[in-house]
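Heads up, the next two complexes both have chain A, just with different partners, chain B and then chain C.
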Partner chain A sequence: MIAPTATLPRKGLGWYLYGVAAADEASARLGAGLAAGAAQEVELVTEGPLVGVASRVSLEEFDEQALPDRLSDATWLEQKIRTHEHVLERVLEHASVVPCRFCTVYRGEVELRRFLSERGEALEAALDRVRGRVEVGVKAFVDRDRFAAGRARQNDDIRQLEAQASTAEGGRAYLERRRLEQLVASELERFRGEAADRIHTRLLSAAEDGLVLPLQAPELSGRAEEMVFNGAYLVTADRVGFEEALGSLARDIRDDGIDLELTGPWPAYNFVPEELGAG
Partner chain B sequence: MSSRELDDYRSGQPAQLADVLERVLDKGIVIAGDIQINLLDIELLTVKIRLLIASSSRRQRACRRRSSRSLPIDRAHRHAPP
Partner chain C sequence: MSMSEQQTLKQQVTLLELVDRVLNKGVVVSGDITLSVAGVDLVYVGLRVLLSSVATLEEPRERISAAGAAP
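This part shows the complex of A and B:
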């Protein structure tokens, strides 16, 4: 199970820690062969009741000085980030896991084991919180045409102006169209905040916990429609109650021009303590 | 609920890069102590990474408009309208 290390000097290897799981859950169910990527093996480092899910990596590759250059290599970065997520998703299929942040690299096994034993209590508390639960992401996008044809017409001024614009001719028609567009845009501006509050409130009531994430720019979201909400929720692993709430919400807001997109299940990245110091 | 709305959830396809980034880079436990990399530096670098990914996505789209050639990062944008 140990990755071949013949080409690298022993002292040049560190441990990349993906996450921490409970030893009884993880060791029994995960067994051998968590393939991280073509070149990497994933190992379970057991320390008392906890197990670190980790890979041996070249310390040179993850050197603090060299990292800025590595990070500007989009191919390297995407591969490492995908590997991190892929390993944790595989673990999540079998066991609850406390995910670590990208590039958590220990210089040696001694340091990794010391972390697991010294911070055992905090890690077990974090594990208890996510046990039997998963994180799901919900993103909401507004379709401007559907908003203008539906929700925007609840505004009296917009309805009135639409009627005027439809009968107007020539230059006046143009000006009224412009005014109408502006009015719809400002109505959308107002509605965005209202929609985000409504979505979060409804979903939170069907989840154990939840939080609002920053909106993604269109370059990142991969969709042409404007994102109006981005949230993460901690839900029971079967997700039944949450999916029902989400389905009913999606039907209620569809006519307002809003589409929901669900992602996950994710390891509970957003529901573990951020700081877990060395004590 | 329409099938489109739950597509992502059930398709089992790789997640969009943006969703992975906002979790793997920004969230998860941060460990102080015997580690190789100072995570404070990583946090500063996150901004740079975001810019990088955003600009590579833009390049990607420009590329796709010009030709049908597919590049690796495309799969992060499989929901992008044609």
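This part shows the complex of A and C:
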């Protein structure tokens, strides 16, 4: 982290930059769209071919020393995260956008404009990549019961053990059911990787680009079923071809116990360069 | 578009889904003209705040083992 120099003003208003769009695409269409129903006043700062989508914010609120405390305030954090996404989603309805990381705050308009002009080339390249495209998220979950009743039965040992368990009695039946559960669990473990590969290959072929993301824990995914795949795809803004591929894939793997969940459209958070360097 | 596809599209986006993207992804601008949070692990901070436990996020999950007993 780079410490602010002591001579820079710490009070007053700075600029919170949500993202960057192309001026030719954004200015006319965005002006009206952003003004309507905005929780926070959003302004378009045009610099050459680029437009910064930004809001004036209190530098005190986003002060580096104060920020760690702010970040530990769940109410503050949630409100800011939602505002960030909400603004970008409204931009996305009208124009392609390069999203900025949370809490990108400039000390003044001069600094913001300097960033847009000095990093213009990199920003335009990033914009070109996402132009006319959006990001979607795809997660896959496995339903254990459906997996056990369907896909797992392709395993001969499992079928055999199932037949034995169904005729066994008393203590032996219990032990065989336990063995069966363990066998299904190990079959599922093996199948997870296969399913993830299959899903990604299929979806990637219908997308401009795609990434495999880390799996999320159940408290993140909000679902009891186990996540077996988490991916992000850069797709055409109309999403037609991708959704067709997704629908057909979903039908194909449903009997294996896999359910797909689609999120988005998102600003292309996963498909912009992480580092643009010093401004 | 099928019914199920429409349903998944309408799936409510959770806050935690947002955290994953807004705090973790997007262009990072570093330099002394910005108030930089680049040194802060935002996702960790955010999730620690917004979740009661993030222990499971720090390691890739190794939940199922063949020998594991049913809960």
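Here is the rule we use: the second predicted complex is superposed on the first by the 260 of 279 C-alpha atoms of A that agree within 3 Å, B and C clash if a C-alpha of one lies under 4 Å from a C-alpha of the other, contacts with A are read in each partner's own complex, and residues count from 1 in each chain.
Keep this in mind: contacts are C-beta pairs under 8 Å (C-beta built on N, C-alpha and C of every residue); 3 or more make two chains touch, one makes a residue touch a chain.
All figures in this text were calculated on a predicted structure; none of them were measured in a lab.
Answer with first, second, both or neither: which of chain B and chain C does A:L246 touch in the superposed model?
Both partners.
After lining up the shared chain so the two structures overlap, which partner does A:D156 touch, if you call chain B first and chain C second: first, second, both or neither?
Neither: A:D156 stays clear of chain B and chain C.
Which holds for A:R114: it touches chain B only (first), chain C only (second), both, or neither?
both
Could you say whether A:R223 touches chain B, chain C, both of them, or neither, answering first, second, both or neither?
After superposition on chain A, A:R223 lies in contact with chain B alone.
Determine, under the contact definition given at the top, whether A:E93 touches first (chain B), second (chain C), both, or neither.
neither
Please work out whether A:C103 is in contact with chain B alone, chain C alone, both, or neither, and reply first, second, both or neither.
In the superposed model, A:C103 contacts both chain B and chain C.
Under the stated touch criterion, which partner chain does A:L215 make contact with: chain B (first), chain C (second), both, or neither?
A:L215 sits against chain C, while chain B stays out of touch.
Now for A:L188: first (chain B), second (chain C), both, or neither, which partner does it touch?
Once the two structures are laid over each other on A, A:L188 reaches chain C alone.
Quick check on the output: what are the common chain A residues between the chain B footprint and the chain C footprint?
14, 17, 19-20, 59, 62-64, 67-68, 71-72, 74, 77-78, 81-82, 84-85, 98-107, 111, 114-115, 119, 126, 137, 214, 216-217, 219-220, 222, 243, 246-247, 250, 260-263, 266-267, 269-270, 272-279
Note which residues of chain C are touching chain A in the complex, please.
That would be residues 1-2, 4-5, 8-9, 11, 13-40, 42, 45-53, 56-57, 60-61, 63-68, 70 of chain C.
What residues on chain B touch chain A, complex-wise?
On the chain B side, the touching residues are 1-2, 4-6, 8-9, 14-39, 41-42, 45, 48-50, 52-58, 72-73, 76-81.
Of all residues in chain A, which touch chain C in the complex?
Result: residues 1-2, 4-5, 8, 14, 17, 19-20, 59, 62-64, 67-68, 71-74, 77-78, 81-82, 84-85, 98-107, 111, 114-115, 119, 126, 137, 178, 181-183, 185-186, 188-189, 214-220, 222, 226, 243, 246-247, 250, 260-263, 266-267, 269-270, 272-279 of chain A touch chain C.
Which residues of chain A touch chain B in the complex?
Listed in rising order, the residues of chain A that touch chain B are 14, 17, 19-20, 59, 62-64, 67-68, 71-72, 74-75, 77-78, 81-82, 84-85, 98-107, 111, 114-115, 119, 126, 136-137, 213-214, 216-217, 219-224, 243, 246-247, 250-251, 259-264, 266-267, 269-270, 272-279.
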